[in-house]
Every structure is written in C-alpha cells, then in structure tokens.
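Each of the two complexes below includes subunit A, the first together with subunit B, the second together with subunit C.
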Partner chain A sequence: MQEVWHWLPAIYLFLGGLGAGSFLVAAAVELTGERYKHEFCPTTLVGSTIAGPVVAVGALLLIVDLGAGVREPWRIFYMFTKFSSVMTWGIWILSLFIPIAFLYGFLELMEVYPDVWKKIAGKLGILKNLPLRRVKRFSVVAGSMLAVGTGIYTGVLISAIGPAMPLWSADLWPGLPVPMMPILFLVSAVSTGMGLTIDLSATIALPEVQRRFDGLPIIHMAAIGLEAILVGLLLYSANSLGGAGAASADIMVTGHMRAAFWIGFVAIGLVFPFVVHAYAIGAGSHSPISGIGSGVGIVVAGLFLRYIILASGMPPVL
Partner chain B sequence: MLPSNWPRWSIIVIALALVGFSIGAALLLEPLAQAMSPQVTPTPTVHRIEYALQVSQGCQDCHFEKTALEASAESRTDVKAAWIERESLAMVHGRLGCVTCHEGNGQTDDKAAAHEGLIADLTASRPRDCIACHNDLPDLIPGDRLRVPHGMVIDRILNDAPCDVYCSDCHGGVGHGFDPVSGEVICSMTVCVDCHAERKLEVQMTDCDGCHIGVHDVSTGLTCDECHASLETWSTIDAVIHPELVNHGKHAEISCFECHAWPNFRDLHGYACADCHVQGHDRPADTDCAKCHEIGVDWQLTNPAAVDHTELWDYHQGAHVAVDCRGCHLEGRYLGGMDPDCSSCHALNKDTCNEDRTCTDCHLSDKSWSDVQ
Partner chain C sequence: MRLTNMDKARDPKLLPTDGSGTGVSRRTFLKAGLTGGFLAAVGASRLSPSQASAKAKYAMIIDTTQCTGCGACQDACNLRNDLPEGISYIRFCGKGEDEKAQCLPVQCQHCANAPCETVCPTGATYRTKDGVVLVNDKLCVGCRYCEVACPYQARRFDHERGVVDKCWLCLDYVLGGGEPACVHACLQGARLFGQLDNPDSQVARLVASGKAKQLHPEFGTHPAVLYYVMA
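Showing the complex of A and B:
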C-alpha cells in the first residue's frame, strides 16, 4: 500500500457513507409514515441526528487530508466554481447536505421532546406557528436526494482517480462503461445506515422492533446480498482487467489484505448479519445479541470495505 | 432493553459510540490482520513512486534558501539554476517530495552525501514513472490548437524503443512551480525549435501544421509563414502576400480582420476601396480611388494631375493649378457642384473692371490675370 493511502481517507469515506445511509433509512421510515405509527421511533431519532455530525466530521477530515485545506483554507472556496471537477460537485453536495441533515436532526429531536420545542417556540414567537412536520418532511425530501449524492460521491471520489488505479475505476461489468465504486459505496452506505439505525439502535431501544416491521429482515438481507454481489462483481471486473487490476483483486482475496477482507468484511459484515437476519425471519425476532452484533458487524465492515479497497489499489502494469 | 430510566437521546450517544468504536476497532484489528496474513510481495509492475516529502527535508533546507545555496554553490549561475520556489510544495508533483523523483539522500546536511546517486532528470532515466499516471495523454490539445506527440512518446517508452523526446523537454518545470495544464505559463516555441535544431530534427519543423492546428482554412491559397512572421507570437504579421498598394502606410497598421472576415478571410483578391471606405465626395463609386489618392497614406493628399482639369475647365492653368482641390470643390462636391462664376472666389476690382461685362470677356484662360484683352 502506498503510504499516502492510509486510514484517514478510509475513515472519511466511511463517515460520509454512514451519515448518508443513516439519513436515507430514517427518511424512508419518515416518508412511508411508519415513523408516526408509534409514539417513539429510535431509527429516525438516530438516523436523523447522527447524519449531520458524522458527515461534517468526515468533510473536516477530508479537508485536513487535502493538506492545502489546512494551510490555506481559503483555497477551498476556489473549488466551488469549477463545475467540470467532481470535487466541485462534492463540495456543493456536502455543503447543502450537512445543514439540511442538521435541520432534520433538530426537528426530529423537537418531535421526540415536544416540551423543549414549546419552550423554544415560546421564546421565539416567530416559530410558534411553524408547521414542524411539514418543514421536517421538506428537509427529508431535499436531504434524501443529497444523501444519495453524498453516498455516490464517496465512490466517485476514488473512481475519478482513473487509470492510475485500475481497481478503483473498474466497471460494474467488464466492458460496461458504468463505474462500480459509486454504486458499491451507495449500497454499502445504505447497509451501514441500516446496521446502525435499525440493528443496533432500534434493538437496544426496543427489543421488539423486528415485530414492528415484518419485512425488515428481508429488506436488510437484500441489501447485504446486493453488497455481496457487487463486491463479487468488483473482483470479477478487476480480475478481467488483468495487470494491476487483477493484482489488486489478488491482494484483497489471497494477498496481504485477505484477513481483513475475509474476517473484517465478509465474515462480520456479510455472513454473520445475513445468517442472523435469516434466523430472525424464522424466529420472528432478533435476539438482542444477534441484533446488536449484526449492527456492530455491518458498521465495522463498512469501514473495512473502504480501507481494503483503498489499500489494495495498485498502479497499472506497464 | 434500554434501562427505563435512561433518556431516549442516550440511544444517539450509543450509536455515535459505535461509530467511534468501529474506527478504533478497525485501527487496532488491521495490524493484527496484517500480521496474520503472509506478506506477499505483489507482482512487480511499475517502479513504485514513493511519497517522499517527509524524507526530503534536507533538499528543501538548501534548495529553497538562496543564502544556503550561495554558501555552497560554486557560482551565481549555479545558485540560479538550483534554487526552487517553496510554493512548488503546494503543487501535485511538489507534494511527492524531492527524493521521489531525484533520489539522492534528503536526510543529510552533507552536500556530497545528499547528491550521491542523484537523478537530474527522472524522465530521461525512468520515464515509466511518469506514465504510471500519465499513460492516457491526448495527441490533440484543442484549447491551445496544438498537436503533440504524446501517443508516440508513451508507445516508445512502453516498448523500450529509443525515444529522443523526454517528458521534461516540454514539462521540465513540473514540481518546481511550472504547471503545464493551467496555461498560465506557456512554453515558448523557441524551446521546440532550439531543441530540434540541437538534435538535428529540423526537417520535422518545416511545416507549421505539424504541431499547430490552424484556425484559418486557407490551405489552398496560403501557407502559415506567408503571413505569420514570428515563432513567439501569432500576432506578429508580415502580410507580404498583399499587393504593394495595400501593404504600406496606414493600411500596414491595421489588423487582418479589420478588412478580412474571421476566420477564413472573405476573399483573397479583388478588393475595392469602397468595401471599407465611405466616399467623402460625390465621385462615382466605380472610380479608381488611386487615380487621385495615394493609397494607404492620407486621403487628404491627392494627385489632381491624375484628372486633366484643363479639359473640364479652360482656366485650370497658372495660379489655379496650385489651389487645393477643396478650394474649388466645396463640401466635397466634384460633379455639378462647381460655381463657375469667378466672383465666387475673386473680388471685382471696381477701379479697372467694367461691371457690365463678365470676367472672361477680358481675362482669357491662357493668359495671366493682368494680361487683359
């Protein structure tokens, strides 16, 4: 692994994906109306409140990693106007998504704690007649589009490196000009978001949560399965490139990344959650251990996936 | 499961703690996973370009500081050649660190030790390092209207074929403050010409469109050097192709496209003055202006002799010949605008002239004013 691709990029790509995924899961519960069938919904509470801070911290780490972003931070503003650059798209997406995510988190907290809202509205008369749910719904709709953009952007960032790292710019299928990374990272973002907001948070707060949503384990198994298929396609696509692409795939599966790949990603992030969700379908519910274990595994595996992909990238065979 | 006396927001803290735990666990587990895996050396591909900024401090201490260079260099010329702007560190190649490309030892203060094994020009000794990233460069740069031999150079490097051109020939300052892509610094064409001459490659320099994508489609009528007279700037023009008539005086001072249509010219032959100039008098438009006016000098300077005024007016003789055109042709009127009455210019001498007669009764056209009939 080249020294420049250390853990820091993996962490901010992970935080960006996790925040976007958590937001999307909370937004899905909000927009389908499931949020209001019960008095308390831990999924929307966690998904809405952590999205903004987590993505903001990720963006901050990205600026730190840029180097010039710390030495001469005003140069960041130059990046807002070069629309031919994916960096500019990303800066716009993040700049819009972060405040909207914070707004959604604040409004959800006010819904959970109406007394606090009454106090705030009492002090600021202008808020007294604010249609809280309508504003929240607007922020959810606008934020969802930006969350998809954020999830995709984390993949676009590294696929834009282009021919310098064949693994990162591998196609969805050999010869099909659709980059794999944005799709894989978006699916992984949703999966980690589900792991954090449903498997972990909802299980801790409401052990009977699986009984609330009958189809939830199947939806989650589908997300895990899709992620597994995409990683399989990535390995196939990279392998078919030959040269450095194939060498990178070897590093992931049989090389010095194999323990991280098979244990850190496949075992704890795919196999274990898949099995416990299948068990949950049969038993009608997760046990707290399997629910929490599955959530922790998926989130940790989300970070490992990004690290493994970054660390396995090799320059082209010449 | 959550204790009933815990507030609901504690679930947010637990979730954030998991995020922190994930990062911590990954950072701890990854070295463990690495240790469990056999350290397989990847199949050699390209020479590894290491990120060597951290081990280039010794280079920077000297090459960024003029005083340090002056203390160790043998001449002022050496100082100028070896000094590098500190700002170059902010550029993409500068961030790689000196040792990445130049090797040597960047962690010593000893000049000889620092330069041991130094590679002056990476692109001459290890060109594959450049094309590890830059392996898909265009042969056409439309913005600069240039053809460049990137494909040929890359192909030869990949096939270990002899190649007389190095990346540094054009992009020599990369990493030292020169950004070949921004367009802020333009490589002068004399660099190309001098280099070709030095390597006896001038045969390839005979045709401008070997490198330049021209903007004018005049290939059937002209070659570039029939108008463009400089290797430095396109705007230096010597349009010898023009007839002498329009290639001097005021005409020589105007730019091509004040008369010609951009970019392919309107017509290379057959211009008439009236295409550009508005007549200041009532002479018919098909009249040859050059008959009276000296083209390209000054419209006011005319040549009255070009028109035989004596055929038109008997009295265009003697002192009348010296009169300026507009002395008689008032308000720019040449035809039908003349007042033939002598009194329009001359005052009647009441002491000698008979007011009942016209001037020409006594003053003949071929005689002087005083020679009265």
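Showing the complex of A and C:
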C-alpha cells in the first residue's frame, strides 16, 4: 500500500480531471454550435462556470498539501523552473488553464445575462466594442487544449514515476510503450465532466435537455464502457508485470481496496450509470432521479478511481 | 533546531553540480513541445534512463555475506544526523530472492540516473559533480514526488520542517578525508567506502572484478552504492 500520497492528492487529481472534463463538454457544445440552438443551455453554463473554480480549488489543495510550500510560499515559484519534472509542466498548464477557464465562465455568464454586460461595458468604455463571441471562442479553443493537457497531466504525474510504482507506470497493453494512466485519467475526466454538466446540472435545470441531444446517452455509455475497458486493461497489464504490479492489482480487486473498487467504482460509477442510460434510450428520456443518480455516481466514482489507484500503488520488493 | 543537510554540507561551492542538473534544458523542452507535441513529450518524459551523467567518484560497497544486521550503521547514522525517533536513512530489508544474502541494508543509492532528481519540480534534489545525490532543503517545497519516485524507498519526509531528507553520504566527513558514519561504525567491516578514480582502492578493485552488484539493475538507475553477494 502506498502511504505517501493519500486522500488529498486523490482529491486534487480528481478535481483537475473534473474541471478539465467539464470545460471540454461545454466547449464541445459551444464549438458544435449546439449551444446557440437554444435560448438557455445549462450544460455550457455549468461546464464553463464551474471548470475554473473546480481546478482552482484543486490547485489550492495541492499547495496546502506541500510541506514547506505552505510555510514559505515563495518556494512554490521554484516549481515553475525545473522543466525535466512533469510536475513543472503541470504547474504551467494549470497556471494557464485556470485564468482561461475563468474567462470562459465569465463570458458565458455575460452572454446569458446581457444586461449585466451592458452595465459593465457602460462603466468601462474600452469594453464597449469588444467582440464578446470572438473572445469567447478564443478562450474555448485555447482552453480546450489546456483542458486536455490538464486531464492528461493528472495521469502523467503518476505514470512518469517509473520503476518505483509498477501499477502507476503500467502500459496500456503489456509491452506496448504507451502509459495507461494519462489515457485512463483523461477518459475519466471527460466522463466525470459529462456526469456533472449533463446528467446532474442539466437534469436539475431542465429535464428536456436530455431529449435535445438524441445521441447523448449513447456517447455517455461509450465513455463509461471505455473507462471499464481501460480499468480492465490496467489490471491485466499490472498483473502481467508480476511482483509489485501484480500485488497492486490484487489489492484493487481482492485486497484492501476491494470494497472501494467494486462498490465505489464499479457498481456506483460504471454499472449503475450504464444501466440508467440504457434505460433512458428505451424510455426516450431520463427521469430527474435517474439523471441525478447517474451524475452523482459518475462523479463520486471518479474520485474513488483516483484514490484506489493511488492507494494500491506498491513499490517493488527489494 | 537540528542542522539541515545543507547546513552540514557547509560551503555549497564544495559541492558543484555536474551541469546536467536540470536534465532537460528549456530549449530542448520547447523544441520537443513544438515538434513532437504534448503526447510525444509525455512519452519522452517517462524516466529517460539514458541521460548522460557524470561518473560517480565515490562508491560504497555493502558486503551482504558479512552483514549481520546488528544495526550499528543505522544507530551511527541516526546519531550523526540527529534524526528524530522513527526516522532513519538506513532500513533493513529481507533477503529478497537471494537466498545467500543474509541482510540487506538499504539507503540512498546515489544513482547516476536518479528518478528523484528527474521528478523534483524545484531542482532541490541535485547530483554533485562527484555523483552524490543531495537535497537542497532551501529549495524543497515538500511535494514528496521524489519520495514516491524512489524505487529504493530511500527518502524520508521530515514533518517538522516539511521537506524531504535522506542519506547524504556524510559528505562533510568524506570531503575532509574521512568516511561516512555508517561505514565507520560497521563492526563486521561489511561496508567499504572509497574512490573509484583510484584504481588501487578496494572499492575500485571490487567494482572492476564485477563482484559488486547493483541492487535491481533493471531499474536503470546505476547506483553508486553496490552490494557484494557471494557468487
């Protein structure tokens, strides 16, 4: 069992993914033009406004978790300077992503509440001629790239560790030199983002949103299915390494983490939302309860996934 | 307040870095970013083990056939570094897969290709020109990334100061012509310390004979601490 990085790192890896995923879902709805087919689009509103704060809270937790960084905060700036460290890349990506995500959220709010914008622009003359849509589009495109970077980064952070944690550096397939974690965490980021911005918020705000996008349950089921396949491959890949890698896979499936894995992740985060979405296809719509239930399930399972993977890390026996 | 490694290591000028301290330069990073894109960089970041590293000047060889596991080295180290209760730079592992090995004291292996140095986001962990891996605790933010990245689990987190700490090869003694406290304290003489650039030294001869082996060479870390195991 890995005991250096506990719940707190799991929470900020999760928040990084959730914020990035929410941004990507909102951006997809924006860039496909779907956003403008309706007067009100809760998916973009929630996705764009929540991405910045969620990732910022994650970054704040990361700072709080630093031993000396809290006591002597100027040391945090050293973290921008060491480019051979994956963590330095992450600090850069987060520093760029957070303000752009806040900008997108602000511009989306201004689009929803044009009166507020008029007031602000009235007071600050320079903003009068600002092409709101175009600036927003820029923030969406630049932010999307950084959101993908953020989602991947949370996985690269632990996969770059190498021989010290065979589970974390496990390959997508035994022998294939593609690390699993960046892919798994990015897929999970998008999945949790969909859970939050579509299932949860859209269902609360506007039940018929689910009916607007015909293919949505299918896309969601595909994301859940992909996540299930990736976790299955992770277990296979780690197990095939033998030693500490196999021991980690055992911890997840039959050991200390088995309850968290089977209930917290598989049942709540994969099986339940999958079944609910399949049912929604049949019924033609989500009920608010099933939408909220699957949304909460997916988001909670995203946190469990990070925690299970961190806690199941086993260093090699010397 | 107890002295820190850097306080003890005194004059940083005595401990020049080998110039490859940052591993990948900014220019290389930007180039990689532009040409290969982020994903390519992700692949390249996976512990590039082929980084050119300065050759270690010192070597410590632990004779596992002589070590009885008495713990004298650990006591001497704890005392010498004034370590708090429950923290030690040296730990004793089981004999692993090697049936003949009696005991395996493990501490920082002072790797030529040190994962801790690669992952450290501030450059607090660095490798001197002589191949000794040190922590500059004025730069350490306490993210503990190095601690999880060390395959030998040789790093300790000092909760009191919020920084990571580890064996520093008693570099003050060594630079003064002496040897690390653990070597000095070993009752069985199971610890050998010397300079590799002197071909007549006992460690250089053992290394040349191939009898001194790396602990888990498959990690690709190229440690300066080696183990003598009966053939």
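Just so we're on the same page, the second predicted complex is superposed on the first by the 315 of 318 C-alpha atoms of A that agree within 3 Å, B and C clash if a C-alpha of one lies under 4 Å from a C-alpha of the other, contacts with A are read in each partner's own complex, and residues count from 1 in each chain.
Methods note: a contact is a pair of C-beta atoms (placed from the backbone, for glycine too) under 8 Å apart; a residue touches a chain by one contact, two chains touch by 3 or more.
Please read all numbers here as calculations on a predicted model, not as lab measurements.
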Since both structures carry subunit A, what do subunit B and subunit C do when superposed there: clash or fit?
clash
After superposition on the shared chain, which partner residues are touched by A:M79: those of subunit B (first), subunit C (second), both, or neither?
second
Between subunit B and subunit C, whom does A:I224 touch in the aligned arrangement: first, second, both, or neither?
neither
Looking at subunit A, does subunit C or subunit B touch more of its residues?
B
With both complexes superposed on chain A, which partner does A:G67 reach: first (subunit B), second (subunit C), both or neither?
both
Please work out whether A:S169 is in contact with subunit B alone, subunit C alone, both, or neither, and reply first, second, both or neither.
second
According to the stated criteria, A:G149 is in contact with first (subunit B), second (subunit C), both, or neither; which is it?
second
For A:I98, decide between first (touching subunit B), second (touching subunit C), both and neither.
neither
A:A59 contacts which: subunit B (first), subunit C (second), both, neither?
neither
So in the superposed three-chain picture, is A:T197 touching just subunit B, just subunit C, both, or none of them (first/second/both/neither)?
first
Subunit C clash site on subunit B (candidates 5-13, 23-31 or 203-211):
203-211
Residue overlap on subunit A between the subunit B contact set and the subunit C contact set?
2, 4, 67-68, 71, 162-164, 315-318
So in the complex, the part of subunit A that touches subunit B is made up of which residues?
2-4, 7, 10-11, 14-15, 18, 40, 42, 45-46, 49-50, 53-54, 67-68, 71-72, 109, 112-113, 162-164, 196-197, 200-201, 203-207, 243-244, 247, 250-251, 254-260, 263-264, 288, 295-296, 299-300, 302-304, 307, 314-318
Report the residues of subunit A in contact with subunit C in the complex, numbered from low to high.
2, 4-5, 65-71, 75-76, 78-79, 81-89, 91, 148-149, 152, 156-157, 159-165, 169, 177-179, 182, 313, 315-318
Interfacial residue positions of subunit C with respect to subunit A in the complex:
22-26, 29, 38-39, 41-43, 45-47, 93-94, 96, 104, 106, 115, 118-124, 137, 139-145, 147-153, 157-159, 161-164, 215-216, 218-221
Contact footprint of subunit A on subunit B as seen in their complex
1-2, 8-9, 11-12, 14-16, 18-19, 21-23, 25-27, 29-30, 32-34, 36-40, 42-43, 45-46, 48-51, 90, 95, 128, 131-133, 135-136, 158
